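Chain IDs A, B, C, D, E and F follow the sequence of writing; residue 1 opens each chain.
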Amino acid sequence: MIIDIHGHTVAPPQVYEFQARLLGSRGYPFDKFPQISDEQINQPLKRVVDLLDSVGTDLQLISPRPYLAMHSIQPAGVVHKWTEFVNNIIAQQVKLHPTRFRGVAGLPQSPGADIRDCIPELKRAVQELGFVGCQLNPDPMEGGYPEPPGLGTEYWYPLYEALVELDVPMLIHSAACCSPRESYTLHFINEESIAIMSLLDSKVFEDFPTLKVVVSHTGGAIPFHMGRFRAWRHRSGGEDFDVAIKKLYFDTVNYSKEALELAFKVLGSDNLLFGTENPGTGSVMNPHTGRTYDDLKPIIDSIEFLTEEDRRKVYEENAKRLYKLEV
Amino acid sequence: MIIDIHGHTVAPPQVYEFQARLLGSRGYPFDKFPQISDEQINQPLKRVVDLLDSVGTDLQLISPRPYLAMHSIQPAGVVHKWTEFVNNIIAQQVKLHPTRFRGVAGLPQSPGADIRDCIPELKRAVQELGFVGCQLNPDPMEGGYPEPPGLGTEYWYPLYEALVELDVPMLIHSAACCSPRESYTLHFINEESIAIMSLLDSKVFEDFPTLKVVVSHTGGAIPFHMGRFRAWRHRSGGEDFDVAIKKLYFDTVNYSKEALELAFKVLGSDNLLFGTENPGTGSVMNPHTGRTYDDLKPIIDSIEFLTEEDRRKVYEENAKRLYKLEV
Amino acid sequence: MIIDIHGHTVAPPQVYEFQARLLGSRGYPFDKFPQISDEQINQPLKRVVDLLDSVGTDLQLISPRPYLAMHSIQPAGVVHKWTEFVNNIIAQQVKLHPTRFRGVAGLPQSPGADIRDCIPELKRAVQELGFVGCQLNPDPMEGGYPEPPGLGTEYWYPLYEALVELDVPMLIHSAACCSPRESYTLHFINEESIAIMSLLDSKVFEDFPTLKVVVSHTGGAIPFHMGRFRAWRHRSGGEDFDVAIKKLYFDTVNYSKEALELAFKVLGSDNLLFGTENPGTGSVMNPHTGRTYDDLKPIIDSIEFLTEEDRRKVYEENAKRLYKLEV
Amino acid sequence: MIIDIHGHTVAPPQVYEFQARLLGSRGYPFDKFPQISDEQINQPLKRVVDLLDSVGTDLQLISPRPYLAMHSIQPAGVVHKWTEFVNNIIAQQVKLHPTRFRGVAGLPQSPGADIRDCIPELKRAVQELGFVGCQLNPDPMEGGYPEPPGLGTEYWYPLYEALVELDVPMLIHSAACCSPRESYTLHFINEESIAIMSLLDSKVFEDFPTLKVVVSHTGGAIPFHMGRFRAWRHRSGGEDFDVAIKKLYFDTVNYSKEALELAFKVLGSDNLLFGTENPGTGSVMNPHTGRTYDDLKPIIDSIEFLTEEDRRKVYEENAKRLYKLEV
Amino acid sequence: MIIDIHGHTVAPPQVYEFQARLLGSRGYPFDKFPQISDEQINQPLKRVVDLLDSVGTDLQLISPRPYLAMHSIQPAGVVHKWTEFVNNIIAQQVKLHPTRFRGVAGLPQSPGADIRDCIPELKRAVQELGFVGCQLNPDPMEGGYPEPPGLGTEYWYPLYEALVELDVPMLIHSAACCSPRESYTLHFINEESIAIMSLLDSKVFEDFPTLKVVVSHTGGAIPFHMGRFRAWRHRSGGEDFDVAIKKLYFDTVNYSKEALELAFKVLGSDNLLFGTENPGTGSVMNPHTGRTYDDLKPIIDSIEFLTEEDRRKVYEENAKRLYKLEV
Amino acid sequence: MIIDIHGHTVAPPQVYEFQARLLGSRGYPFDKFPQISDEQINQPLKRVVDLLDSVGTDLQLISPRPYLAMHSIQPAGVVHKWTEFVNNIIAQQVKLHPTRFRGVAGLPQSPGADIRDCIPELKRAVQELGFVGCQLNPDPMEGGYPEPPGLGTEYWYPLYEALVELDVPMLIHSAACCSPRESYTLHFINEESIAIMSLLDSKVFEDFPTLKVVVSHTGGAIPFHMGRFRAWRHRSGGEDFDVAIKKLYFDTVNYSKEALELAFKVLGSDNLLFGTENPGTGSVMNPHTGRTYDDLKPIIDSIEFLTEEDRRKVYEENAKRLYKLEV
């Protein structure tokens, strides 16, 4: 069984029409969520199902598309309404294709707000909508100022408590980026590097030993710069960096074979989960392979040093265990 | 002939899907504008045509829907792309129904930017797309800080020069409002009041005697507070306020009869243009009349003190003259 | 009996000499309030009494002149001292002419400060000085940034509690305006519109059913745009806007007959109170009538559709009831 | 002949009534300056003349009272109008008592504005009103942020050019102070210290060798800390500090004998000018002497080490030469 | 016995190498304090001992060099580490020369932080390192914005409580100055003036009658402007300023004889403590005396009006009593 | 011959003592640079020479240690003096060991300042001190706000012009990081990723085809995420990303073999230059190899797929060509 833990919702344009109105009105006045019919929902979704079939994915975990999260838009009420609405859309999608999708919740994060404000929506998503995890944006300011506290600080503890209590993982994934010199897609990578270091230089895993954290995009820049942080750790006398990094999980959303090989060598098959972000950035034809960049299974299948057990873990078992998937 | 000078584009949801992506990516990277097919465009538009038929409007001038203008979103490139795209959509709509619509351009205004940055798009709209005027937002900061210079200041002069040169009117209409205590719809009203006073307390009409300015929504609060500003003027010794206000034009987008009566008394039929903003805020059934609030023709028809000539001016002649409509 | 609920204190120049010194020193050091003699006080005041006689007003409620309130001047101690001083001057004036004036308190509002800081002065004014109400500035920032919370938010609740407990009304009236594009007199109008909508879109009257709110200047722009907000309400399904607006009271400080007619039609004689702000902005001769703009009684007398009962309510009874005047 | 170079205007309360209105309206709208009658002007002024008689002063140079200058009030137009008005009042006062007063101009300084904006008013004061110098506030931000450029920077050069061209001195004197921990009177002292060091550590006197600068209040803290700055200079190898400081002039507004003695020893009688700021801060009875603190002539007369020539310079000759007084 | 209460540590360059690394890394990551050997420490220190011998000083109290305190550097952790490190260095120095030095602690002040954050380091210094007092910077923002609360406000009360409990004095001494128009050395003087006035205009000595405060540099500008503040006090009716100022102590760090004479006259020998800040700003040869500016004992010895008892107090007894020195 | 293009100066502690004084005084007053003797300079430097001998490096290019650059410290004069001083120290070091070192200049970058302010020091370093390149910090704000313009913008063009004219390369290397959630060492990586994308998404290499750019630390995260940016480029239709990235050069400062292998595969031996940053972050013993992490030659020697020619290019030829080294 092939489980892709990193997919984002593909919604019909009516969803974005509502987003436009919500942004335009800044939620004042606010009436009610529009009804998007199952038919409207299914129109783009069935193409995703076909896509999953074509690449051999059995189940995909889908979350709100991060770069559309509008976390930095003020006032915070806009973010709350938008997040709730998108989570509802995802629930509707899972209901339409219960064997192919599971929901991963967006959180209504707003810069400067108390992180506790996100917990009701997290609980609603998991307990009422049946979602299996959530997505966490380490930078709700979206590249602006002031920067949020690092993930290693106590600012985030109330959320970690809730996650531990619900026993669901969080997928670290930033959102848009307002900086004119940094695209959102590069911001993803940089924020993941910061998130990893902030968590590993903190007491978070002492305080929440059962917290489950998945880092998107094979961990930003960190696996490529292991030597730098190994030296750092040796110097300051902490735990080995190769040991520390195993407290985190990573997905395989990295579209080149040499990088995935490095990731497998450095992070290992116990800590990697199959993910493609398909359809998304990588859904363009690679002229050298004739397949899209995000069709990652053939690439992973071709990595020679992996065993069948390695692949089984990455494709299926790690995800089932972490997300407690009953499939 | 009935000409409604105040309509906003009704676009298919695909337009807003693009807006969402543009907002999410902040225009970095930017690929190209999506193609929206004539069929997609026409789906919501033919409902508008039916609507115009049902209320007896022959021609409607349509502009970008103001509260979706995103003027305050940074960086400015986002606003430029979005404005250009929406103007293109409007041109496509006019082409589909050339006897029923004319285009009024949005301008890519960005707070703090030089107003000259808007002139290329204004010229493109008028000279290449055949638009008959533009919409001006007196508050591109959208309720934020710092406030823009008043319309009476020289900040706006390069635009006024271009308008005079092109000989097209501008419709004063603000956009979204980011203040949590002021809805965008009330912001429209307040900004119109500020715009009128800033223009009339300035030398703009001395410097640009042929500038054509139309104020939305019957002029905000000013016609209702004429006494206050008449007294003000008497005190400081300027031109009579009743004379001064006639340098401006106003539309009839005000959904109550007693207010329209006051507007006709104070502003006069030479300075009022028929406008409804239909479909829009007023497109809800008035239980007392069985018609929508924005079905204004029956109301104007019922104002007893108006002559046929008054109505002809307001419904048709003022608009034809100001906008140089050839119909 | 004619009661004018909207007058502002006319103080001798010595009062402003103190204000200048207070502003210059920013209250550091502060010595003590200057003594203004009854004779000094009475010099300008007796001219006001003559004025009231000439227009037929029996009793005027007087409050601090709003545009001199200095609410946005930092530090807050300056505002506290100035407000206390002006309230004292008003008390001294009432004492000199006990049959002609009643005091309405200014509040020492400072942007960003806790609204509770105003309550001791409110209580002192009502309980010790015998004042019959207070004036509330919805924008102590005086057109600056950041904007204050809307009147519908819980920020203001401690004050509402105190008002309900004291059973006195508040008159909504903004102060100066620091924006170079908006005069204070227009700011009055815009702030009243925002205040009305913020209150009516909130739960304030559910939480404080006996709160008495009077809006200055016939309610800003709202009565002129009833149609817009009626449609709005119908759309979102709330209480009729015409019902909602009756929770508020309004004064007649609007210097044109057609506007007052509209106000009477829309707001009704149960919710309007006679007010003139005389002497003030309107105290200039209207060449068409030979009377000052703020001589409103002849205008109201001339509105044909009003009954004697209507006029009695507006001139006298509403004020007596709301302000619990014993005269 | 006794010339007091440091007096501030004593104006009737009507002047402050206008200031209050100007502040309240922020100059929008602005009508015209009120006429203050000679009689009103003279009422407080004749008490000053009596005062000068009683302490033996023949001629006093009077400037706007600094702590009322409102330099930091926005927008800048308020400052321009206020300054022009006060300079006019001073001109009217000089005209009333031409043998007893000379005018020293206030400048319409506004933080962040180009210093060139002050030059027209400086020229008007000197060339049209006959003033003999001006007052310069080194901190138009009045204790706020950001700090202005130091007096040694080129920001101020256009003003210095104008002063050299007009051949009139500037008196360094700060205005109000918005800091809650620093009174305006202490701010005077601190700003004078900063001004002296900024000028002496710069090339101003190389670039403007004929610039005439008088520092108020015996030079802030600098004469008391000569040793500190002598050592500083020796270390960095510049001109002797005792030589450098003689490029500046100082007045004697310091209300204790031991301090004046120190000032005479350190600054010398060629660089000190008699000044009292009377009436002002020091106009309170000193119980030990039975005279007011600002009655400085008896104190200076009692300093034993001064010669008659010293006193003549300080009382008369230095002022006559610097201000080119024809008396 | 000659006790110099105002010296600052002279540390080997290795200390500043650590400072550079701490600044560069902003304390992230932080490893551990470097070991500076006794030999390294002693290399510059023995030159100080020779210096003390040459000027006849028996004991010097040494504190961190204020202009290197880095109080305004963010984040606050940098300041905490740096302060702790320098206090340790001072303790090591005292240990090397126990008969010649005593430690005065730096405090890890950070702008905007709670002053309570400094108390653990204060207690460590006094109780564990044996320090006899601390240095307080009234402006941890170092000339930036916003200004800190005045020393008279309750912001500082927790520190005052701790000082009273520990029964040790604080020496008021500001640090660097980021303003381009004010050098740190002049900032010292201005901050001292502000500190004195803020304390004396407050209730601090009512609330903490046993608080011991020493002001550096003979009290900034205040002794030179006693007349100004005497008048001020008389006007507002408080305690005599000459009485009030005796609640504070002052050191003699003022490098000119005439100023020291003034200080002795105004402040008196009971309130002055011998201090030189040697080696420091004044350690440059005075060509007129052949001694360095900071060799103050010969100057004080030459002041004729001082008695032997005066000198004993200033050189020894006041310091012993205030700092509870057992020597 | 082995050339290490990425070394930073190892300076004696006296250099940091000067830095501390410069920071403390903020350059006001400024006297002169201290003389650091050749002996002092050589003490730490000869240890570096020994180090180079032990790892087999013949020549090292040395630049200022980036995290000590203080670029964000205000005012800018501090940065100018510090940079000039450090460049002088490097010149002195090169002079002491002319066969072992070459200088790479630091630039006095200050956030918000015109980049032209750096050109005189660049020219002095190259033309007078004989330096062979410079170091460029893409983030002189050091992690603060607002962010600088991206390297692809015209802000940087004057510097690029100067570099092209001088025909020397720039090494992209950020400095300190003030963010509490991001260490300077991780900031290096993130800034390199941003720099690469900003340059490659711009017209810089069209406008300056001969500009020579070396990116530190094997190019941040980009080589590890090639797939992401390949897809991105295909989507937007630009030049192949693998072609584009070859416009840049990269050094080998990456302390793990698997990452260097990836770098060689993706970037190729024509675009990589041997660099170690030794001594620095990696100078700690790797327990698995018995060598320090930054001893990179054995690692590169062990990469099996490299040819001798590959190694010769990377160790020697690329550096000689780019830096025009005559050795």
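Keep in mind that, in the parts below, contacts are C-beta pairs under 8 Å (C-beta built on N, C-alpha and C of every residue); 3 or more make two chains touch, one makes a residue touch a chain.
The model shown is predicted, which means the values in this text are computed figures rather than measured ones.
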Worksheet entry | Set of chains whose contacts include both chain D and chain A | B, C, E, F
Discussion item. Give me the set of chains touching chain A intersected with the set touching chain B.
Written reply: C, F
Worksheet item: Measuring centre to centre, with centres taken as mean CA positions, what chain is farthest from chain F?
Response: C
Worksheet entry | Where chain C and chain F are represented by their mean Cα positions, the distance between them in whole Å | 66
Practice prompt. Compute the distance, rounded to whole Å, between the mean C-alpha positions of chain A and chain E.
Written response: 55
Item to complete: Hunt down the residues of chain F that sit against at least two other chains at once, touch-wise.
Response: 28-29, 180, 183, 201, 232, 235
Discussion item. Strictly by the criterion at the top, what is the full list of touching chain pairs?
Written reply: A-B, A-C, A-E, A-F, B-C, B-D, B-F, C-D, C-E, D-E, D-F, E-F
Worksheet, complete the sentence: chain F partner, complex, touching residues on chain D are 201, 232, 235-237
Worksheet, complete the sentence: The chain E residues in contact with chain D across the complex are 145-153, 179-183, 185-186, 189-190, 193-194, 197-198, 217-218, 220-221, 223-228, 230-232, 234-235, 254-256, 258-259, 262, 265-266, 281-287, 293-294
Discussion item. Under the stated contact criterion, what part of chain F meets chain E in this complex?
Written reply: 12-14, 16-17, 19-21, 23-26, 28-29, 65, 67-68, 70, 74-75, 77, 175-178, 180, 183-184
Worksheet item: Where on chain B does chain F make contact in their complex?
Response: 28-31
